[in-house]
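We just call them A, B and C in the order they show up, numbering each chain from 1.
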């Protein structure tokens, strides 16, 4: 024991009262990350998040690929929300290369983005249900999202990791009966998710578990720099689709949902309200979309921009996703940095879990809309 | 199995035959015959037609089926039948197996999926059997620093206590209960009081953090819900004046106790869900926080035994609820009587008349009782299984709040109602009803 | 606000002209210019306004002055949180740039604006993260939200943030003994 320890390891002294729990990657309640939780009886004394189990070095690898081959690579942080992850990157590259996206492509991008948002939120809601022990709330969202994944497959060719957005538009046009198919699925989907109110959001046990658990006040939410549903559940109505509209969002009518409570119940309700709003947005977009037109700008091989940098951001399922690209007149970007909503919300975890009961731990930290794979990139 | 047979040598083959016969003879004489002697000493052999049953007589039943009936009848009166088959372990295990299957199917339909589907021709009937075989074939892993004797004994103790619980519940009138004790209810609660101890033992001996937390939570939960459980039953005891479970059922031959003591029934139901560790009270095995709670370190057949014990407990509690509040086996006599011609004249098949002296095996009243008992138990089990699809898991402090404040309060209200009914002269001895 | 929201192709007409980082002969967008003027007025030569584009302003500061500039930005200009903190490695210029993108939730006029605050630290050939001269003052006291971002910057590029309460590894494994990965001289094996 007196030998030199390998770097990064330390010996922990056992305390009389405080027990260190490793809510680790092999845990049915943790996702792909570790929380080192120090517990005093039933109360959490401190919580130290330890992400990085899924860190693949996306940003480093992006420097070795050119703008086009980066597309299937950079969509991997969130595989079922891949359109939203690629969105700021495509917008940024279009600014670097000076491309003008055709109108029909913009509408299709919006539709794909909203469908992806619903698919991601359903999965997150399913896992939230199972963390609270509600197996029906796991099965219903996981089953209902299949219709939207089906629609996305008809649109893009793949169920997840669509690789659909390219700088200059989208890869391919949609099949002929696209509008009818999407509208029918969205109608059914909306009917199904309205039933979640009865079984989940009005469930007295759920309310008693998540009400006033992990309350994040408005000032704290702003100071900690949270984003997405965590921010809107604390009363700040900031949604990039209305504040800094990109593509055709200024022609669509987007309602931003906010709640004032800032507790886990509000944070779990906002994504559901957002899904209902997404259905409306998809319907408007399908209605306003130009019926024909090109969907992609033709690019020369190995396109390159000048010595410039861009920072573009987009509202994804988890919050504002920003992409900072530095270009130096080579076909490969000099630096790509993705600022993801999950990583920005990670700071709330030690902040909120201190002093919470151990039973509230999954209810609080998963309600922050945290996707471990995205946070690690 | 090796696909390549070793080379055959006649000498080795003969040697193996001789070895097998040698061991067969040794086992038969040194173990088998003493075993048979011991059985013969303790089993009460029946008297058939004035003669004590001998092995020759027993084997003649193979040739003459009509003499089987008295043998079977006498076997059914033994204690061993009551313990092993009905209403003891065999019956309870069958109900438990059915419960597990129905639970999986019912939850699946609730959750818009299919449930067990492929195992067995119709809708996955044989799924349980395959699960049992799978669990038998898994390796049992014991943590290195675990307390081995207690760790091995804990699942067995769990099943034993659950079986002890099952043995106290009457399933039909006329003494169809394994242990007919005069203080039935107190015996039931004494046995229930073992479960927290076994849970804590098994979690402590596993020597790991998550079982530890799960065991402490199980202890808190079970102990704090035992009191409302007992108090809610006091109302029934006050009104019937007896602690014997069979007599409680007999006192409900006109009306069920749930009609007069609904609050007690509700309190008993909720406390029962907590004792059984069913959702919404399944904190001790809360998967998302503490892996599997006090069951974490059990693997293979030990896990299978714990599940068996859990579902035996489920049957026993549901049966207790039926016995105390829903009138046990009382019900309209719908079981058809045994056709009288068969008793007197036998079955006529063409020229041959087969006579079966000693029929009927079980009398009509008993079968009627069993029918109604099973129907009611199935109904109660359905209501126990249903919250699993509807509710999330409750938190420990809310649980203890419910157990210590609300349920005890409600059960005291129930006792006052019972006392009021008794002293107003409505129920009980000398009452109106 | 008079700014157009989509791609700011306003400064450039043809498709090939790259938007250059220096001042343009065309007129700069008014609202952003007002913000950058405020900064210039207060700090003068300590800050360099690198570009002013619609909704994006870039300000470069030395590491000695970055704390007071950040405080000014937070208090007077009402930018209240950091959207992201990136480190960019320029081995040719022998420096590592740390880029803070600052946004505002409270001020509705600033909802679209992102202020890019840039400092740079000297870059050493053989880095010893934590113990060499690649240090920067931490902005955590001013913007609380940079805590985890600066930790990631430390482990990925080796920039030590002085005043940060917890300069530890976040994403990399605990026994990482190689160069900080985002540096340009760390080559991915096989490429």
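We take it that a contact is a pair of C-beta atoms (placed from the backbone, for glycine too) under 8 Å apart; a residue touches a chain by one contact, two chains touch by 3 or more.
What you are looking at is a predicted structure, and each value in this text was computed from that prediction instead of being measured.
Taking the mean of C-alpha positions as each chain's centre, the chain lying farthest from the centre of chain B is C.
The most central chain, judged by the distance from its Cα centroid to the centroid of all protein Cα atoms shown, is A. Centres computed as Cα averages put chain A at a distance of 24 Å from chain C. Chain geometry summary: the mean Cα position of chain B and that of chain C are 69 Å apart. Taking the mean of the C-alpha atoms as each chain's centre, chain A and chain B sit 49 Å apart. Contacts from chain A toward chain B in the complex involve residues 19, 21, 23, 27-29, 42, 129-137, 139-140, 143, 199, 203, 205-206, 208-209, 357-362. Chain contact summary for the complex, chain A toward chain C: residues 6-9, 51-52, 55, 57, 59-61, 64, 91, 94-100, 222-226, 231, 236, 238, 243-247, 250, 305-311, 313, 320, 322, 324, 326, 329, 334-335, 337, 339, 343-344, 346-347, 376. Residues of chain C that touch chain A in their complex: 5-9, 12, 14-21, 55-56, 58, 80-84, 86, 88-89, 99, 101, 105-106, 111-112, 114, 116, 143-149, 152, 169-177, 181-182, 186, 188, 191.
Residues 107, 110-113, 209, 213, 279-280, 282-283, 286-289, 291, 388-398 of chain B are the ones touching chain A in the complex.
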